[in-house]
Every structure is written in C-alpha cells, then in structure tokens.
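Should a chain be cited, it is by its letter among A, B, C and D, assigned in written order, with residues numbered from 1 in that chain.
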Amino acid sequence: MSRQQKETTMTAGSLAIRDLEVIVAESGEAILKGVSLELQAGKIFALVGESGSGKSVTSLASMRLLPEALRITAGQVFLGQEDLFNLPEARMQEVRGRRVAMIFQNAMSALNPVQTVGQQVAETLKLHTALRGQALRQRVVDLFAEVGIPQPEQRFGFFPHQLSGGQQQRVMIALALACEPEVLIADEPTTALDVTIQDQVLRLIRELTHSRQLAVLLITHDMGVVRQTADEVGVMFRGELIERAAVDDFFRAPKQAYSRALIDALPDLGHFREPTSEAPLLVLDDVKVHFPVRRGLLQRVVDYTRAVDGVSLEIRRGETFALVGESGSGKSTLGRAILNLEAIAGGSIHFRGESLHKLDRNGMLPWRREIQVIFQNPFSSMNPRMSVGEIIAEGMLSLGVEADAGRREARIRELLQRVRLEPSHASRYPHEFSGGQLQRVAIARALAVNPQLIICDEPTSALDVSIRAEVLELLAELQREFGVSYLFITHDLSIVPSLAHRVGVMQWGKLVEQGTAEQILTAPQHPYTQALLASVPTLDTT
Amino acid sequence: MDLTSVARRAWVAPLLLGLALTGCGKGPWNNPHPPPVDDGITYQSMFTPAPPKHLDPAVSYASDESLFLMQIYEPPMGYHFLKRPYELIPLGAEDFPEVEYLNADGVVIDPSQGEVAFTRYTLTLREDAHYQPHPAFARDDSGDPLYRFDDPEKGRRYRQIGDFPETGSRPVRAEDYVYAIKRLADPYLGSPMLGFMGQYIVGMREFSEQVQTAERGQWLDLDTFDMRGLQVLDERRYRITIHGRYPQFVYWLAMHFFAPIPREVDRFFHNPGFADRNLTLDWWPVGSGPFMMVKNDPNSEIVLERNPNFRADFYPTEGAPGDAEAGLLADAGKRLPMIDRAVFRLEKEVLSLWTKFLQGYYDRSGETHGNTNGVFDQAFVVGPDGVELSEELAGHGITITPDVKPGIYYYGFNMRDPVLGGYSEERRKLRRALQIAFDTEEYLNIFYKGNGIPAHSPIPPGIPGHVEGEAGINPYVYDWVDGEARRKPIEEARRLLAEAGYPNGRHAETGEPLRIFMDVQSQAISNTSMNWIRRAFERIGVQVEYRPADWNRTREKLLTGNTQIYSHGWLADYPDPENFLFLLYSPESPLICECDGANNSSYERPEYDELFRRMRVLPPGPEREALVARMVEMYREDAVWLYAYYPKDIYLNNPWVHNNKRHGISKNTLKYVRIDDAMRQQKRVAWNQPVTWPLYAGGGLVVALLLPGVLAYRRRLRATARLRG
Amino acid sequence: MKPVLLWSDALIFLLVTALVLFFWRLRRDPQTRERWGEVFRSRLGMVTFTVIIAYVLVALLDSLHFRRALENPEGNSGGEVYYDNRVTSVLDVLSGGMGERFERTYSAPFALLSFEKQTIKDAAGNDIRDFPPLEHAGRHLDDPADKWPDVARKSAVGLGIGLLFSALLILPQWWWLRGSTYPWYASWAVQATLVSLAAWMVYLSRYYHILGTDLGGADVLYQSIKGIRTGVLLGTLATLVMLPIAVSLGVMAGYFKGWVDDVVQYLYTTLSSIPGILLIAASVLLFQVYIDLNPDFFDVGMEKADARFIALCFILGVTSWSSLCRLIRAETLKISQLGYVQAAHAFGVSHTRILARHILPNTVHIILITFVLDFSALVLAEAVLSYIGVGVDPSMGSWGNMINGARSELSRTPTIWWTLSGAFVFMFTLVLAANLFADLVRDAFDPRTSLRRAEA
Amino acid sequence: MFAYIIRRVLYAIPILIGVNLLTFALFFVVNSPDDMAVSQLGDKYVTPEAIDNWKRKHGYDKPLFLNPDAGGVETLTDTIFFNKSVKLFAFDFGRSESGRDITTDVTTRMGPSLAVALPTFLVGIGVNICVALMVVMFRATPLDRGAVLVFVALMSISYLFYIIGGQFLVAKTWKLVPISGFHPEGQVWKFLILPVLVGVVAGIGAGARWYRTLFLEEANQDYVRTARAKGCSELRILFRHILPNAMIPILTGVVVLIPALFMGSLLIESFFGIPGLGSYMLDAIRSQDFAIVRSMVFIGSILYIVGLILTDISYTWADPRVRLS
C-alpha cells in the first residue's frame, strides 16, 4: 500500500484511517482487521464496542503508539494530505501533541505523578512552541481557566493526586488542547469518573469541539455517552468496524443485532418493580462503622472516619433493596458490617428478629447459612488454585450443608445447571472462565447454602454491558424461584429500575434518601439524588 | 539531549584518567608511598597480618610486637649482631652484670662451697644513655612537669603524641630499670612475667600482693612500695636478687621486660582522659633505644624515627666467619643507626604484600612474619643449594638471608594415651613406625617450600647441644647414607608396626585397623596438608582422624590431657638447651603441675628429670653437653614426638638494602640496616613502567558498547511505521 | 561396603523427593502448569534447567556415601569386618579414580612435569635439581613432544564415548517426547554436551591432569567437581531450612495482624538490623565450639564437617529468613483482603482451613521465586564466607575453600592460575544457569511481570 | 513528620535491646569470659590469677544475665549484659579486649570506609542508571536481551573474582595503580581508583538489571503513553518522566544502604588494605574480640534503623503523594 490514494481529498483538520490492520507480533493473531474511518472538524465520531474489541488499538495505532508487542501490518492514516505512517519517527513526534492530541481513560495514572500539573501542560507547549518563562506559565493558566479548573494560578503547582478526578481529567484536556491541535482522540475519557462529574467533562469536550472546530474521535463503551455527545457512531466488534451511522439514525434503527443489544442495555425509566409487602427480614437501626484515625507520637486515636454513620433500613423477604452511592460513600462497608466482617460502633443489626452484631465468630456460624455475599470482582473472589466444584463445596462443607459427598456433588451439578453453566465445569479452574461465567459461579456458591439474603456488592460493575444484563436477569429469576432477598450495592443508577423494589441513596456514610424505586427515580427529594439522576445517560424513548 | 555527546563524554573519561595519572607525577603511577617529607632516608617495610596488640614492654610477649619494642627500648643486655652462636653483649648496661651467690643468711659465698640460696646481679648503666624527646619529660619554668592535668578537659586537644608542642629528655637512671621490674609485678597490668619471674625475683610475689590491695587512684606510684630483691645503689647502679641459681636469668635481661621505664612517663600516661584517646604506654612506647615512635596508626602504619638522643653506638667491627666476604663488615665502626626513619605498613593480603615487594616498594620482606603463617610459602623454594628464585626474582637482584629460628614445631604423642603412649618396647616401636611414615623432609618441601629443617633432637641449630652430621642423627628414624641423613624406608615402618602388634596397620588379634587421632588447630593447618598426612599414614595402613579446634579448645585439651597427637610449637626465649629440654621435664606436664605447663606429652622419666635438674644449673662445658646428649638420646629412644622441625626465618632483601644478617633471637637489628637510596629510586622507576594499552582498550570498549546504541537510536528516529521490504 | 548417610545426604534426598512430589501434585493445577510451561517453552529455560539438573545429579551422586570394607588380613578371616575411615561417594567411583591420582605438588594443566624442582638422580646417578616427571600424567608417552597430538587423539576417543552415551540417553527421550511442543532439542543439545564433556574428563584424566594439581598434588578438576555438592546443597538446604519458620510466621503475621503481627515484625526487624555477616560469623563459631566440645557425636571426620555444613545452612537460612518473612507477610495481607478470603469468612470457614487452602497455596509463587533467586546468592555467599573463615569446613571440598587457598597462589611467579580457574568455571556455570533460570521463573510466576506481559 | 521520626526512634529502642540480647547470647555460648581472657593474654605463662585479673579489669567477673546474689534490682543490673549494653546506648563503646578505645577506633576508621564506599556507591548508581536507561531505551530488541544476558553473567561472578582479578590485572600486571593501601595525606584518590572500579564493575550486573526492571515497570505506565502522545522524544521520556518516577522504588532500595556505607565493605577493605570499619569487623571476628563485635553490631543496627527512617523521609521528597504520619 505504498501508493498514495490521490483521489482522497481531505479537508484540513481531519483525520482519515484507511484499512488499518494490526497483529500481535509474536503469535500473528489479528487485532484489527482493516478498520477505516474519517473524522471531521467540529464533529465527534464515537467509536463504541466492548473491551477487547479494538477501539483503543485503533487510536493508538493511528498515532503509532502501540506497545512493542503489537505491530501495524497495513493501512494508512492521513492527516491532511500526509500519510502519518510514512513519516520518520522524528517528524512523527512533531505531529503528536501539536496536530493530534490525545486524552486517556484514567487521568490519575495518565498524568505523571511526580510532576506538577502545570509543568506537564507546559511541557507540551515547550515541545511545540517557542513559549518560555512567564508567557508559558500564563498560557498554561489560561488553558486551565478555559477547561474550567478553579483557581488556575494555584493549581499550576499542584500534583495530580492533589486534584479531584474531574479536575485531573480537565488537566488532561488542557494538556491536549495546549497546542491547538486539529484532531483530538479521547479514549474513554469519563470511564473512571463518578457519574456527576462524567457529565461535566463530556459537556466540556462537546463545547470545545464546537468552539475550536476540533475533529474528535471519542472512544467509549457507554451508549449513554454516545447518545449525549457524538455526531457519528462506529461500532467495533472483534477488530472490525461493523456499523457506521449518524448518531440519530443509529439509535433509531441500528443495522446490526449487536448494536441493538448495546442500545438495549440502556436503562428504561418507565418500568419499575412493585415493592412487596412481606415482613422485614433484616433490620438495621442506626448502624455505625467507624475507623479510628491515629495521630501523634503515641498514635492515640484522635478521631474516627465515619464510614457508616447511622444507617437505618429494612429489607423484606423476597425483596431487592438497591443501595446506591458513589465510591467511598460507605455502601460496601455497610455490606461487610451486615456480614459481621466489620465490627460496628453503634446501632443494631437484626436478622429475623435476632441481633447479629453481638455475635462472635462461632456464634455467627449458624447465620452464615442465611446471609451470603457476591463480590464485585469475580476474578479475585475465586481462589485460583481451587476448582469451581471445590469453591462451591467449601461453604457447604464448613456450614454443614450436604455432609454426604455424593449428594454434595449432585447439588453442585444442579447448582451449576441452575446458573446456566455445564455440570462438567465443576472440575475446571477459575481462570478458564470469563467474568460473566465466574459471577454465575459466585451466585451458585452463594446459593449453595440456601441463604435468605444475598448481599450483592457491585456484582456487575466489572462486566461488559451485554453480559451485565444476563447476570441481572439471572439474579431476578433466582429471586422469583427461591424467594431470596438481595441487598444490591451499586454505583450505577441505570440498572436500578429493572432490578430493585426499593432504593436507598448513600452519601458520606449516611443514607440520605430511601423509598421505592419509582419514588426515587421519578421524584427524588434529596439534591444529591437529583444530581445523581440527572447525570445518568438515558435513552429517550422517542 | 544528544546521544553522540554522551558518547563523546564517555570517550574522554579513560583519557582523563590517563592524564590524571600521568599528571600526578614524576614517579611511577603505582607508588603506594606518599611523597617523602624530607631528605632523610626512610626504610619501608610492613607488618602482617595484624597490628600489634600491645606495645607495653611489660605486657607484650609476641615477636611481631617486639619488632617495634626492641627498636625503641634498650634492655640492659643484648645480642651481638653478627656473631654465631648467639653471643650476649651489654646494651643498656656498661658491662655484664656482676654475679654473686648468697646463702640463706644473705652472705656471699662461693657456689662450689655451700648451698646457694640467692643469686645477686649488680648492673652498672652506660653513662650516655638518654631518653627520646617526649612530652612526659617537658617541664615548665618552675621545673614541674608541663603536662600534668587534673581535669580531662585540659588535655582534650591532645590526641597523638605529636600533638604536644613541648618535649624534653633526660638521662637513663638506675631507678628506671627498677621501676620497670616493679611494673612487671603490678597485677593490674597483667604481665606474663609476673607468674614466671615471681618464682625467681625475691619479693616479687609479696610486692604483687601488696599492690593488689592498694588503693588505686588516678595513678599508683609503684615506687611507694619496695621489692626486696631490688635495690637502687646509685644513679647508675642497681641490684636484682633472685632465689637459688638460675644461670639463664642473664638472658632474660636481654628482653624488653627489663628495659627502663621512667616513672614520669608512667605518670604522664595516667593523666585523666588520656586512656580514652589511646594515649597509653601500651600504644606509645617511650625508650632510650635507637628509634622512637612518632606515629602509631595500627590500622595502617607505624612510623619510627631516629632517636636524636640515642647514645653513641657503632657498627660491630668483627663478625662470624664469612661475614666480611658477605660485605657485612663494610660499615664497620660507623655510627648507628644508619637510617632516619622506618615506616611499617599494615599488609593483610599476600597478593598485595608480595606484589609491592616485587615492585620495589618494600625494601625488605619477612620482617614480621616467618614461614609459619603461610605468607611466603608460595614464593620460592629452598633447595639443597640454597634458594631457588623464579626468573623474575633473579633478575631483580633480590637476596635472601635465612636464619634458623631457635624454635621448634612438633606434633607430639600423648605419652599417657592408652593406644600410642607408654614406655614399653612395643609402644616405642609403634611410635617409631609412625615417625618413619611421616616423611618430614617431603612435608617441609611441599608445605614450607623447604623453609624448615627436620629435627633430629629438640635442640635447634645455633644452640649448644645441637649436633650436626652423622653423630646428630636420630638413628631410630634415619640412616646415614652417602654423607647425609636418609629416612628409613617405609618397609621398616611396616616391620616396626607389625612388631608392635599391628601388622599392616591392623590389630594382630581383632583385625581392627589402627586409627590415630590428631588434634590440630583449625587455623594453623590447611586441608591440603591434612590430606597429605592422611595419605602418608595410609601407606602403612594406619587411619587418621582429625579433631580440629580453635586455640582455646586445643589448649583445654592439652591442659586436661584429652589428646592423642597434638600440634605445638616453642620459640625459645634465649639460646640455651635448657629452654628446649624443659619441654620434656615431667614437672612441666600440665597433668602433673596442674598448670599451663609446656610438657604437653606428659613425658615422664625420672632419669630424664634428674638429668635436667642437674643440667639446669651447670655452666656451659663438656659436662653439661654430656648430660644434654643423654637427654636427647632418651627423647629419641622413647620417640616422644611424631615429627618436629626447626623453622627458618627469612629476609628477602631488595638489592639496595644492606647488612641483612638475620638474627634468630634479637630483634633490635634495624639500626644496622643501610639503604642505597639512589639505587632504590632508579630500580623502582625501572620496574614499574605502567602498561597503558588497557586504558585505551577500555576506552575503546566503552565506545564499542555505546556505538550500537547510538546507531540504533538514529535508526529509530528515521524509522516509519512501514515494515521494510 | 557400609553405606553412610550424612545428615545433609538425608536432607537433600528428602528435599528432592519433596520437590518431585510437589511438582507431581501441581500437575493438576492448570495455572501452575501453564506457568511452568511458559518457563520451559523458552529455549533458555530448557538449557539452564538441564544444566541445573546436571549439577543436582552430580550432587546427588556425590551424596550417596559409603565406606569401603577393609580386606581382612590373612589369618584373621572369620572376624569382624572393618571399614575404611574415608567416606567414598558413588561419584568418586564413577569418576574413575580421578581423585586418587596424586602428584607430589603443583603441576600445570596437561603438564608432564611437576611445577616444582626436586632433587632427582640423573642418568649418571648424580643429584640434580630439575622438574621431575609426574606420576599420573603422560606416563604412556614415549616422547614428550607427542603430548598434544596424543591429547587430541584421546580427546576424540573420550568425546566419542561421550557421544555414544548421550545417544543412549537422548534416544529414549526422543521417543517418549515425540509429540511434545516444548523445545526439548535445546535440552538434548546440552545433555549431549555435558555427557560428552564428562566422558572426556573421565577418560582423559586417566592420562593427564586436565586442570593440573594443587599444592598437595591433588587433581584440581576433581576438587572442582567435588565442590558441586557443597554448592548445590548449600543453595537448596539453606532455603529449605528457613522455609517453615519464615512461611509460618509471615502468614500468621499477615493473617492475624494485631499483636502477632507486632511480634513477628519486631523479630524480623531485629534480626535484619544485625549486620548479617556478624551474625553468621558468630553463629558458625558457636556451632564449631559445640562440635569441638562433643567430638564423640561423630564417628568419622566427614560427619563433623557435615554437621558444621548443616549448621551453616541453618544459619544462612535464619539470616535470610527475614526478607522472605516480610514478603510472605505482605502477600498474606494482600490476599486476606481479596474476595475469596472474604468469601471464606462469609462462609464461616475456619482459620486453619483458610490459611491452608487459601493463603498458603497463593504464596507458593513467592516461596518459589525466593528459592530460585536465593540459590545462586547462597552459592556465591559460600565463597565469601569461606574467605572470612566462617564457611564450610576446610576438609569439605568447596569452591570457596579453593578460592581461599588460591589467593596466595596468584602471588607466585609464574602464576598458578588453574585452581582459581577451576573453581571459577564450575561456579560460574552453575550460578549463571541458576540466575537465568530464576529470571524465567520469576517472569512466569511474579504476578507483576506476568501482568505486564498480559497487557502488552 | 517530626512526631513520626520521634516515634520511629523510640521504636528502635526495643529493637536495639533485642539485638544486644542476641549478640550476647550468641557470643557467650561461643566464648566464656575465661576463653576471652586466654586468647587476649597470649599463649605463654597464662596463670589463673592472670585470667581473673583480666576478667576483673575488663568487667567480665560478673554473671551474664542474672545475678541472684545481688538481690533486688541489681539481680538484673549487676551483670555483664546490663553493664556492657547500657553504655552502648550512651554511645560509650568502652575498650576492646586488647585495651584500645573503640570509639576512637570507630571514628578514625569511618573516614577511610566512607572514602571508598561513598564513591563506589555514587559512581555505581550513576553507571548503573545510565546503563539501565540505555538498555530500557531499546527494550524488546536484541540489544536489550543481549544486555540482560550480560548483566546476569556479570552478576554470576563471585565478588572475590572481581577483586582478585582487578588486583592481579590492573595493579600487578599493568602497574597502573598501587595494589593496595591508603594514606589520608596526599593522593588518596590513587588508592581509591581500583577499589572503586572493582566495586562499580562488580555491581553493574545486579544493579543495572534491577534498575532496568524498575524502569521497565515505569515505561509501561500510562503517563509514559501520555508523554509520548504529547510528542516527547524517547530520550526526554527516559530522563524527564521515567527516571524521576523510578527514583521512588530506587530510593527504597538505595537510601537504606546509605548509613551502612559507614560500615564499609568487608571484602574490599581487607583486600585493598583500607583501614576502615569493614576490615575492623573482619579483624574482630577473626580475633573474636567481643567488645568490638558487640559495638559494631550495635552501630550496624542503628545505621540500619536510621536507613529505614531515611528511606521513609526520602519518599516524601521523591514522591509528592507520600506524607508521613
């Protein structure tokens, strides 16, 4: 492909990727199988797909920033009239940052932790412009102001860790925009951010696209983001761009079944589950979990971090209670406190009328059959050295369920089938399974001891959208079948409607609001709930 | 950032190094000595492998320490530098001591007439002996000692002897000698002489007990106590009285224990706080000898300088036969010492010590180490025609001066051992078989490169009683063949073994193999030599087991007799057969005297003991020689020791060092040394031309390593994303 | 013949059995299999592993000790059988008497004459000083000039025999491993090289001293080979000895936290703050005294040396104990926060079971990495300790003792370089192989490095 | 941070007591006070009185740990252990068994130790970092793989060989520098070239390999990709981004060694005849001088603890994220 395609006439400030192919150098496995797309000034092109579909590789390959293990085998990338793949590396360095800028997913790790953010932005300018000294500093401060960083003068000397996640991402944007590039590649710019901040950052990118006439490639796995920001959409699936369309067309009439599935994963705020009227199973009354803060010469306890600060709620039989809040709000700690894995500093926990919080390790044993848990990360919640069968059997063994080996085996097979896995999987090891499958194993493990209440601690947040739906569906199904209750801990409001009967919203260790799912999602009372809700990307059912 | 500039810098580094090296000087690059401070002639030598522990003449009892002490202190007596056999000469004393014998009532008698209860020695000092300049002698205007502090703060700024601006001196007086002997008796000092001399010097034990109980303040003036056997007659004369007769006592007067210590020096070092800065007599000797210590850094060097107050002393005008031919009398009659300064540096590693000597940076090697510590054994071989030097050494003109040390190293049998000990004929044969099997000549050749002489008797050469030639051989182990002693053949050993009841090394009745146990000091013997000994005995079918232990443990075994074959060595204090034959005297056995005796074999033969008692008090002469010969014969007959050898001490001298005759006993020979400085300079330059190509090669290597990096970086900057081809 | 089982022999065979069993069990753990697969899929892994196995085999052969029976003297046939007090190993037998051909003293590699002059009789019966011919080198030669052609001929024969043996060794493997995807050929190449070399050495050493002889006339090559056992055993046993303490304390500290953690931390901070060399020196001296005071515990000298050796292993283990303990503690802290331990708590699994099933197995990679990394460090440490005088017993053949002895030989002119070279070559090969292998193992098992590669 | 340091210093006290207890226990199982007396008094004419005298003079005439005769608090205090170790805490090391003042020895020997150890340390780190950076620049190329092999080969050679080889070639054969020695006055550097060179070369293998892993770890961080996307050149990325970040783990490994530099190097010092603390220790071990060993263990432990504290402090300097509390 050394011959330049003369007929492609590109307008300035646009980037075109043609037939890009990338392989794994060692194995020859194809990662990208001929991807082509064009960006246009003032427009946002959203590249969507699940993890591993090749979105990020596309962006990195076009900038020639692939890790050593990957290799570009074919394709061209035109910036204006120039094929970037033909430039010597030395010239390529002038393109990066100057004409094409990039924003990466996790700003915290993408920023150099030991340089001040001001220096980092200044470095880009130093590399590509003649600005020096005070003028340089002034330009950085201006940029900070432009991307909405408060007190830009002072923030210049801050280190990344001293800024909040949103501000870090703003710094990344400032850094990208510093040399007024023609093209901006944003790789999952909002993924690691809390929903409320996500919204602000996306809005900023959108504004800048227009004000600066940038050509933007936005890489994301979140359809809500696409809906809100993009002009054009490309769907990637296993290294190929399977669908391209204008954003409205795409959401109205997706051509591919895969695209359809992606869109369907968006929450539907129209339908809610009716709360049941059963008797309370678990009652929390003013529960507090405090972690001591030690300071001074003798490490005296001078204060407490109030991780859970007086939470009262009740969960009824056969009900799903969703506990919503951003990271650090104390949701998971509360879950652990219910499991008696964390000592409580005040209040009481009653399960079927019995108080749990006073029990010691042995006293708790009988209750462990009743209350079970599913963790966020399925990979770390399975011992990699035990087979799936052993993992499921462990709880049964220690809690004395199915003492007979033969019957235990049968029960494991049955459970695996129930969570839609093969019975033969019992002899396999965790690493042979995907995340979704493992989470099913985790469900089977919890079910194995016939619990009444399962605490689900963000069980789907590590999963891709399409799989997430399947797992949630399975949970709902099991609830119908066994009448088990869930305490569903999540930061993602979008999954709540289809799942929860009732919802509690946590902020800074306090339960700021609770009610039925419908009440909370349609008529939130607390400002924090309102803010959370406003930032949830939804699909208007128009 | 340009890689090529980095590369250029790396280029330069070795060149700079080279320049720096050449820039530093006139002399060779590898000169380990600092530039000379003045025009004086400096003798450069080393001490190895460890610094001296004690330099207090009352405490020190090690040959590496007396190397320094004997240059600084002058005891009353000394040895003639050149004459052999060793001859006593007066040193600090004007003449030999006057000896008088007294009976129990203290009346002077003729020893042949009556029972001698005491012997009295009267010594007269030289007139011109003066102490070295030292701050202890410095006095202020009122005549009081200048440096006497009552408060540690006042003396805090003085850390070395050189830090004191004022010094003084004074003549040596008889009271100083007496004071020194009193110090020997001070239990607080822990002198090794206290126990030994206490048996002889009258009143020493009582003195010691008295001092023991005395209140000790900052300093205890020993002159406030009297020792009955000591009298100061006047400024230049003093008297020592000893119990009974001990003719060898006069030899002790040649040791540093009896060198004078001025009372004010002892007082000086007891200034408050001085000890905390190592300002002690144990660290800074003060004497009247030819040299004085100006620097004592035991971690790196000890520097002696000519004592400006040294008495008029001259190079001897006569020597032993052959000395004149060897050029040893060329300096006859010259004023001593002939060097201005002697620097001794600490050397711990053989490779560097030897290299520096070969490069000419040490004038003489072998000063503080004999062949016993394995330092020299790699360098040269002593053959029958003398030393066989390698070609390189021969070209350097290095000379060698050996001298047989009046000492003996041996592996002894425990005569009380149930298997090997005893005095029956069978046991004698058994031991003789082992003696024959142990090929001492071969052992010395291999492991000591010939620096030792197989011993036929306990008395080494140079000591009266040692017999050379056919008459001197041990006929039980050797035959006299073709004018030389030849070890009896191994068949003889087998035969003796069979006669002793162990045919082929197996017990005649049970068939059990004979297994002998050797207690060796783990530091003193190498695995190679242990293997060699094992193989030597394997030839007659005897099995060897080693029980290595450190010195403390070995000593315990010796004291309790819990040993079968042990290793031991004895270096004589004075050149008299008594000092060797007592090794077999039964009251010296640790098991009999329950003390730290020297007869570790526990050899007990009443006849021997009787002969020894007689021999001890006899003056030298044919009568004494006959007694000695008989005792030696008994030693041979009873085969008390497995093997023994007389170690040789060796100086290796670079060609510019003169008057190198090695003295087996006396260490105060440094004053005789003469250095040809011009020759030294010239040879050092000639021998130490640096080889510079490795510098350039090293530089080239760095460039060669950098170059691919630079090239690859250039290539990477030019690369596109297209695969080539 | 009377077999002798030294403590270290017992321990090394125990260790080898344990390792074999361990790996046998691990076969069913697919993750571990995969990681080992990763190690052995690289040619370097194969090569280095083969070299290490070869060394270990030599060490094992040298650990099969026995004492030869002495022939009963005539007329005493019916009595008890007595034994030589020298302990021989199977390796000594296999080496074809290499260690029994002594010269008088030094001789250079392949020399025919001694390195030192000796008084010998010339043809006329006069005493002359010259280099005497060696007893066990080149005796078959008529003309000394023939030496090098003869060496070449004999080398060809030796290598030929070696290749024959290698073929015998490799062919069954080839048959057995036909379908395997691992680069066995790399291992075979090394096997062939090593076997041929060994055959060459054994064959040629009957005619020459390949690496010369030392001060006492002993064959240097033989000594270097005898050093293998010491090196390999020290490298493995020292770690083995410390494992139980380090692992149990580390795991307990990380799991129970609180005062247990405080005590363990105090212990290892205290131990690691003592300069290691002083601690080792003191402990070795201590044990030496114990041996000296109780000579009756040991029948032959070798057992004494062996006891000291075991003590040295133990002491080295204890001094390096703190770093492993620290690592295990940190890892346990991490693991006990992980989901599966939390889940186990939620299931009410007992502490012992959590430790045994969840925590211990997941710290195995750290133990393994420490084991392989420490191995070479320990082999190197032996040399240094022997220099200081607190190493293995001087009567035990070891590279450290060889180097220590050879230091002064370098100062001699002409230089005696072969003792040092012998120790160097054998030691370097082992340490290099171990280091390279350790790298591969770490790359495969260290989650940090494997994670990095997964991302790439 | 001040409170933090104070706390760490206080925590050091039980550790030091433990260290002392251990050294005492170890040494007195090896040696009885009688043994010490005998080995100090030499091998001729040693009488029991002389041994008792020596013990009294050096304070070894009491029980080791417990003195039941003394009664009361003195049961614990009137013992060898208490008397000898309490003084250590006041940095009064007393006298060696051969009667020299240990504090003086230690202070005078510290200089030479540092004179060798410090340049070796600094030059070593410099060289290692340069080499490692160069190798990292060519990561995943044959150059890198070759360099790693060389590193491993270099670190597989015993330190003794480096020293012996260096002395034999550079000093003995080529006569470029003095083979050993040390003089504080005048051309000290002449004596330092070889030990420093040997120290540096011997350290390259392990050092450069370690730094390489650290750099590689950093090179795979996200911020490096950011820097590349900014248009930084490889060299700039190496020096401005990777190096400052890699300083954090480098400091963990390196700062703890800085105080230990005072202790010198056992091998280098004894081979090159440098009168530092390393050879002091070696001599003490060989002559079983317990007073010196005890003091050196104590000093070594203190320096180690100081190293740990310094490491923590240096973190705050290298890593803005870290604050001590």
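Everything that follows uses one rule, which is that contacts are C-beta pairs under 8 Å (C-beta built on N, C-alpha and C of every residue); 3 or more make two chains touch, one makes a residue touch a chain.
The shown structure was predicted, so the numbers you read here are calculated from the model rather than taken from an experiment.
More contacting C-beta pairs link the chains of A-C than the other of the two pairs A-B and A-C. Note on chain placement: the centre of chain A and the centre of chain B lie 83 Å apart, centres being C-alpha means.
For the pair chain A and chain C, the distance between C-alpha centroids works out to 52 Å. Here the spacing of chain A and chain D, counted between their Cα centres, is 48 Å.
The distance from the centre of chain B to the centre of chain D, each centre being the mean of the chain's C-alpha atoms, comes to 35 Å.
Along chain C, residues 289, 389, 407, 410, 455-456 each make contact with two or more other chains. Multi-chain contact residues of chain A (touching two or more other chains) are listed as 67-69, 90. Multi-chain contact residues, meaning those touching two or more other chains, occur in chain D at positions 31, 164, 168, 220, 233, 286. Contacts between chains leave no pair untouched here, as each chain touches all the others. Note for the complex: chain B touches chain D at residues 1, 3, 17, 21, 24, 28-35, 50, 53-54, 61-62, 187-188, 190, 192-196, 275-278, 280, 282-283, 297-300, 345-349, 351-352, 355-356, 359, 361, 551-552, 555, 595-596, 688-692, 694-695, 706, 708-709, 712-713, 716. Chain A contributes residues 60, 63, 65, 67-69, 90, 93-98, 101-102, 104-106, 109-115, 123-124, 127-128, 159, 161-162, 172, 175, 295-299 to its touches with chain D in the complex. Taken in their complex, chain A has these residues touching chain B: 2, 64, 71-73, 84-90.
Chain D contributes residues 31, 35, 38-47, 49-50, 53-54, 57, 98-101, 103-105, 108-109, 112, 134, 137-138, 141, 143, 164, 167-183, 185-187, 190-191, 193, 233-236, 239, 270-273, 275, 279-280, 283, 286-287 to its touches with chain B in the complex. Those residues of chain B whose C-beta lies close enough to touch chain A in the complex are 716-723.
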